[in-house]
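Shared chain: chain A. Partners: chain B in the first complex, chain C in the second.
And then the complex of A and B:
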């Protein structure tokens, strides 16, 4: 009565005027993303055995992987996710036996051209020679891993070249 | 130096023209023209930046930052907006009364600009110190009702018509408490000249001797400029945008700028009538008089903006009831008490 509520309202807006502002100016600064955020996929090529469990787990048939047999082993030649159909449910990450597929915290995946949308995680040529074969038979475990890593290095570089993150968010 | 900055500029211009050997009348006319153009530029720039201020105040009260991209701190935002609005087409509805429709946004600025000629922005800084200044100001400002009505009627749209009918109802009924509120001050001073009114407040501002009158005036003035909580003329949620509904581009911007220029008028008027005009409080005379005037004016403008972002809009019946049943009787009572008080003071010879 007699304008007490009016004065109370003015006090509230006056107090709010001086409070800290909550706006986060997005391109310049970002909200911190939770640890288990479902962002862009990252494939650890060394660990991947091209079993295609992830592709089978996907409800939207997002994951397309191609493999070739090199010697006795499956060799992953292409791993492309049609990310425009992905709903980031995480079933593929759960399905991975070797813990090779992960989410990253990067959510900025927009592209200027439609053709750039599919997420190319691996695209590489299969080696013609099954050079691992003999080493795998005779060598010990650490040696095998070291060799596999050596092979994976160029592959990882290719994967990075296939998908240029710098183009994203334009 | 700073105190007489603008007066000095006018004198310098006069002596410069005097050296040219032209007749004195022409020199005075040129000086007057320069004064009026300076005021015009000031109003237009100010109206643009008040839009920016409004957005900033709104943002800060909602824990946001507000415009901050165009120019430093977003200060060039109003110019970007005006540039955009100039580029836009002025859409004319098919059944509109074209002449009146286009005339309304042009004329809406006229009363506002006319009023600024008599407002003293500092010591000896009124372009024209008229002996009926207050009367002139009240008479001219009430004209803007007509132009809003013109715009609303000529649009030939139901929302525009309802909005402009509300304009007429609201502005006519709040004109009364506005004038009656000012009457108390005028009774004490005994003059309608603005410089006299300011001179009378050298020791005590009228807000302390006439607090009720100030509240009545300020409330009625906020209603008069169609600002929230009395913005049912625009009433976005009910009648889109009232009389401005059919206007686009710069025609709309003219109405919008006129609204802010009107806020400046009422706040300048409140400063003159109740807050001591250019007088410095607490003897802080080293700050120039015009800075004091603008400080007081902008403080009031801030309050008007704060009112907008604090209160919800009131209903039409509440608006009318509040105007006629509360403000007008209060203003009349204030006049009565002021008159009795003056007589008592005269009787005891104070």
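And then the complex of A and C:
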């Protein structure tokens, strides 16, 4: 009989009318964000050895990092991500051997101004360093540099023992 | 028949029913279509060219951006092509995860196609109901990969990550509930007489024509041609699953639509079997591959059955760490080839019905 399908459709619509709501009132309520979510990046500065593995793994050249040589170690002075070009693919996070770069669950990355978009994860001065330090002589070091060195020590030693990280994805 | 002066009508590129930025220049005689000229390229990003300046791994996220509705299948075609070129064996568990996520992607794509097609014809409830399940599928994919649409989950030699704790059970739960939902779509959309009146015997496509125009996917199978790469030339581990290939009879809009609905049922079956089988398979999800991939000189062509049809990747290697050339056979683009002749003689109102039944995605048409 013509119209039977229509009636059946209406029945389903009415049934759905009484079932539990599936939508939530965003932004007052939110669905939980899963653990693996690709949100805003966080960098564990103490773990990072400024090896550029992440920057080289990125297809879109999102990651710009600057480093300075302090003693024998590389010191990360700037880590800026131009996330307007980011595809949130996760290749950079995967590339990091030191587990320093992570995604967070924060998806709220919109900005009013273009200049605010780049995500500045680190911007700092390299510690001052006396000339003779570079030549490998032991001398009196400034307090703050000693501290920075101590943090970078185990990570850098590991990198030196492992393969050359700079080769990845060139 | 009384003839009036012909005139042009621009359909798109900002028309919501073109499913993206797609333009058809219609030549009309009254309300009848005399000629339809598809204009694509509004979303062209030069992905094939971009791939030449990226390493083999770095190409993966770009493949997502073609058919973003079934991104895993796009990833899969590319990584399998490179794996074929390099002779990489993929671990069992990774193969299963690829099947599960791939079929979930197909499900998401078909759910969208079904829902949006209902919307194109004018049924809003059907659209929302389909999107409810699509949302659940997306949530599952998000939990697995971290992204909702552009998954970038496949890697050369495996997948990015193992399934999180309890994820497989959640997938199983949804898959067990899916048949009821599909019955709901059938009740709401397929059985609706108005919907049938709008789609039956509209935009008919003969099997020979479909083959001659190299159409693929549900568009081809709705015409009654039994050609599904998963059955004909099983890639990965598709030969281990028991499923049917839904076929149509008339090759009209209704058959194309209904083919997709039945394909969803088959996808559900495949996922259920895969979940049963993956339980016994442990081990790594990533083969041991060198950090810097340098495939041997040569070329490879690999094609898989994506949600829209056969997607093929042609990769040429010159022995360096970047592909020399990547070409993609995009099913959406090729399926559009017959649009002009399919539309001729129909009314303006049928344009949306016919275009929607082909189920194109503009990211893939323009690449």
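Operating definition for what follows: the second predicted complex is superposed on the first by the 117 of 170 C-alpha atoms of A that agree within 3 Å, B and C clash if a C-alpha of one lies under 4 Å from a C-alpha of the other, contacts with A are read in each partner's own complex, and residues count from 1 in each chain.
Rule of thumb we're sticking to: a residue touches a chain if its C-beta (ideal position, glycine included) is under 8 Å from a C-beta of that chain, and two chains touch if they have at least 3 such contacts.
Fair warning: this is a prediction, and the values are worked out from it, not measured in the lab.
Participant: Regarding the shared-chain residue A:12, is it in contact with chain B (first), chain C (second), both, or neither?
Facilitator: It touches chain B and chain C both.
Participant: Figure out whether A:21 sits in contact with chain B (first) or chain C (second), or with both, or with neither.
Facilitator: first
Participant: Would you check which partner chain A:2 touches, where first means chain B only, second means chain C only, and both and neither mean what they say?
Facilitator: A:2 sits against chain C, while chain B stays out of touch.
Participant: Is the number of chain A residues in contact higher for chain B or for chain C?
Facilitator: The larger set of chain A residues in touch belongs to C.
Participant: Taking the superposition on A as described, I'd like to know which of chain B and chain C A:29 touches: first, second, both or neither.
Facilitator: neither
Participant: After lining up the shared chain so the two structures overlap, which partner does A:94 touch, if you call chain B first and chain C second: first, second, both or neither?
Facilitator: The answer is second: A:94 touches chain C but not chain B.
Participant: Using the superposition on chain A described above, determine whether A:38 touches chain B (first), chain C (second), both, or neither.
Facilitator: second
Participant: If I apply the document's touch criterion, which positions on chain A are contacted by chain B in one structure and by chain C in the other?
Facilitator: Shared contact residues on chain A (touching chain B in one complex, chain C in the other): 6, 9, 12-13, 16, 22.
Participant: Within the complex, which stretch of chain C touches chain A?
Facilitator: Contacts found on chain C: 54-55, 57-62, 64-65, 125, 129, 132, 135, 139, 142-147, 150, 152, 160-161, 164, 184, 187-189, 191-196, 291-292, 321.
Participant: How about chain A: which of its residues touch chain B in the complex?
Facilitator: Residues 6, 9-10, 12-14, 16-17, 19-23, 25.
Participant: Given the complex with chain C, which residues does chain A contribute to the contact?
Facilitator: 2-6, 8-9, 11-13, 16, 22, 31, 34-38, 57-59, 87-91, 94, 103, 163, 167-170
Participant: For the complex, which residues does chain B have touching chain A?
Facilitator: 57, 59-65, 68, 306-307, 309-311
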